[in-house]
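These are the structures in question, set out in turn.
You will see two complexes here that share chain A, one where it goes with chain B and one where it goes with chain C.
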Partner chain A sequence: MAGQSDPHISLFSAEEVEFMAEDELIEIVPNMRMDPLNFICGDFGPFLPQIATQVPLWLAVALKKRGKCAIRPPQWMSVENLTRVLEGERDTQGAFQALPFHYVEISRLLFDHARDDIPDMYMVRSLVEDIRDVRIHKVETSLEKFSGTSAVKIPNLSAMEVNIIRPFVGRALQAFYKHDNPEKIPDVDRAPSGHTRVANNEPRRPLRR
Partner chain B sequence: MANYYNIDDILTEEEFVPVVFHKSANGVIIDPSSETNSVEQGAKVELPLWLAQELYLRQAISISVPACFNQKTRLEIQADAACVDLKFRSPYFYEFGCKIAPLVGDKSVEILLLSAFKIRYKEILTKAYTAAYTATSKFFTLLTKEETNLYEAAQSSMVAFKKWRMGGPRLQRASVLGRKRKLIE
Partner chain C sequence: MASGAGERSTEQIDDYETLISTTDVELLKGAWRNEKAAPEILPFEEALVKRAKEQIQLMEETVDDFAESGHDPLIASLYQMDLDRAQYLLRSYLRVRLQKIEKFMFYIWKRDTYRNRLSIEEEKFTERCIRDIGKHLEETVLSKLPENYQSVLKQSVISEEDDMVPEPQLDTFVVAKCEKATRPLYLDGSRQSAGFDSRDDHFQMVPGDLCILRYRPFQEELMSGNISLV
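Take a look at the complex of A and B:
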């Protein structure tokens, strides 16, 4: 599952996460008639004017660019829902609100391509940015708290946020595990066990020239 | 054996440790200023760790606590771990301590390392994610190689995310295609 980005730093770059987010299904309202499309991932259609259908996001954006459809924003992207989520994020310090796994990428793609399809676009955009800031801040403060553990579980984190903290948390946990290992120091008085090498003290034969 | 080819591991073993010889050794030039090419029994010299480990297995030396873990460092770390200049002591402070601990048999080294790392880790965390630019603060000179890796990992992923958020062309021309090759006649 490695992407093309630098394997030492992180496994996925931001663009790759966006690419994977485009597989999510979204509802569109086409304004033309088209036969069903048969792809490897599935069949979509037939497209009839003014009848809503579910398609993957990449197909929706491609159709929108050609002016063949209007994208209907998903349920969670309404102003009331986002305001409620924002309040919830600000109130609960430890937990994260349940949001779709790819909300960052989906919202960015919709803002870039389907600006006129979202009611109150500026409000929704500022709400999503606020939610994202609050969540990243919460992740950082909760990362400060753990120390000396080998595994950390954070529920309800979205794909982009996970991608940001992935290399850092991986290395930090490795370092903690290395230092915190209580078995590491054997007693010096014990006789050397079988797996330590015992040096050979015989007189050495001179090598033949 | 996974660390055999690791450059950081090799450089860690390059650090000096003070040892006391139990047997005398001939034909070695350890101290450049001495007249004879030998080391007597009971002499105190500084050897790199890879050499000291081998000699320790042959019971030829005994290793004492290196200078970077002495009492002065310990007091400084206990006072404020975040401001101690560990890179000056050795850039591989933590790995060095991990390797030294079974040889010297001093358990307090381990606890010292862990507590120092915990405190410094918090500092790294706050600075890595909040700095919008690579701050050339004094903080960087204090970090060991391992902590610098941690910091750069966090920084690069944050920068990549911000760049993505700004937008930009989805498809980029590969840099290999930039130049045209001239035909060699």
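Take a look at the complex of A and C:
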């Protein structure tokens, strides 16, 4: 997509998006005993063998890496559910199925670090990839329908998808807005707030002789 | 200090449920995302940053104690990770603000609304930045130009406005998530529509909605916490 070519326009890096996703809660089953952890980001535990508890994803991955727990994949990550979601994505052209805002990052982290905890890992993984592809394709085709309004609702779009389309869509809508409004901005009568004139004079700074 | 920050914290106290269930890290993450995504500098989250600093300091001491007392290294490393994450957020938040200040320093400095959004340290930074950049431009370029073209802020003496000062682009489009239901809003930027009754320009969001929208009409909604940027 055109918008991706300019790296420093992308607002959040992939790492930053992942960082945000790592705060999502997930269920783990510890295999050791550990006192509650009183973190800045909240209190978690106590940890008892075979007793499931909720922790942020980063903590789950850290414990998993050290062999201290098993991660329970979230409900939506089952083959049945993902198959249904994929069918739904294919059947409805305009809309997106409901998935967690960070579904791409969560599934990637789990595929990387907890493959043995995911039943039918290969199936799940290819389903997630298919869903991702179908959705991205849908995003691209639905972009054609965007027009120069000031606000567009994008229900159920995920963090990663938002991040991908943001530079392109943002600039496209801005261009629409500019072309729609050159005559609107100067005749100020309607907006008494007075700050209309200050608008965007960074790019169109007239050169004087 | 900044009025926007004050408004926000009283609203949070009203909303007791969110107050007890939301940690400062969560709030800081929200502030960081908003700051990163918004085209202009937002009110400094003074109380929040202060609390976060205190918690980080406390945690640093705890982690040091762990190291000294030969505590379980696993637990110590987990606390260290939590600390690293909080520190990263705080640093990144402050850094995004400094970047914006560097970009818009002249603009911010001339306007009280913007100046009031800075922390005391940021204000000092802006002042020094302006002085240094001004001096640098003076020495390298401006002093060698004809007399009429020597201003840092203006192209020439006939310019009526400061036309060499970069301004935040408030008509940028941002991606926003609705936190609390917003009042119907007129997208031409005015809240009262004086003789303006096109239904299409009338926009309302419900919590959870995700939208791409022009920043300017939603400025107030963002400051009052009705929407957040993602």
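Basically, the second predicted complex is superposed on the first by the 174 of 209 C-alpha atoms of A that agree within 3 Å, B and C clash if a C-alpha of one lies under 4 Å from a C-alpha of the other, contacts with A are read in each partner's own complex, and residues count from 1 in each chain.
What we mean here is this: a residue touches a chain if its C-beta (ideal position, glycine included) is under 8 Å from a C-beta of that chain, and two chains touch if they have at least 3 such contacts.
All values reported here derive from a predicted model rather than from experimental measurement.
Touch criterion met: A:A62 reaches chain C, while chain B stays clear of it.
Judged by the touch definition given at the top, the superposed model places A:S142 against neither chain B nor chain C. Of the two partners chain B and chain C, more chain A residues are in touch with C.
By the touch criterion defined above, A:T53 reaches neither chain B nor chain C.
Shared-chain residue A:M34: touches chain C; no touch with chain B. In the superposition on chain A, A:R166 makes contact with both chain B and chain C.
For the contact definition in use here, the residues of chain A common to its chain B contact set and its chain C contact set are 166, 171, 178, 184, 196, 198-199, 201.
Looking at the complex, you find that chain C touches chain A at residues 23-26, 29, 33, 36-37, 52, 55-56, 59, 74-75, 77-79, 81-83, 85-86, 88, 155-156, 158-159, 163-164, 166-167, 169-175, 187-190, 194-196, 200-201, 203, 205, 209-214, 217, 230. Residues 54, 57-59, 94, 98, 101-102, 105, 107, 110, 113-114, 117-118, 121-122, 125-126, 128-129, 146, 149-150, 152-154, 156-158, 160-161, 163-165, 167, 170 of chain B are the ones that touch chain A when the two sit in their complex. Put simply, chain A touches chain C in their complex at residues 11-12, 19-20, 22-23, 34-35, 37, 39-42, 58-59, 62-63, 66, 68, 149-157, 159, 162, 166, 169-171, 173-174, 177-178, 184, 190-193, 196, 198-202, 205-208. Against chain B, in their complex, chain A makes its touches with residues 9-10, 13-15, 18, 108, 112, 136, 140, 143-144, 147-148, 160, 163-168, 171-172, 175-176, 178-180, 184-188, 196-199, 201.
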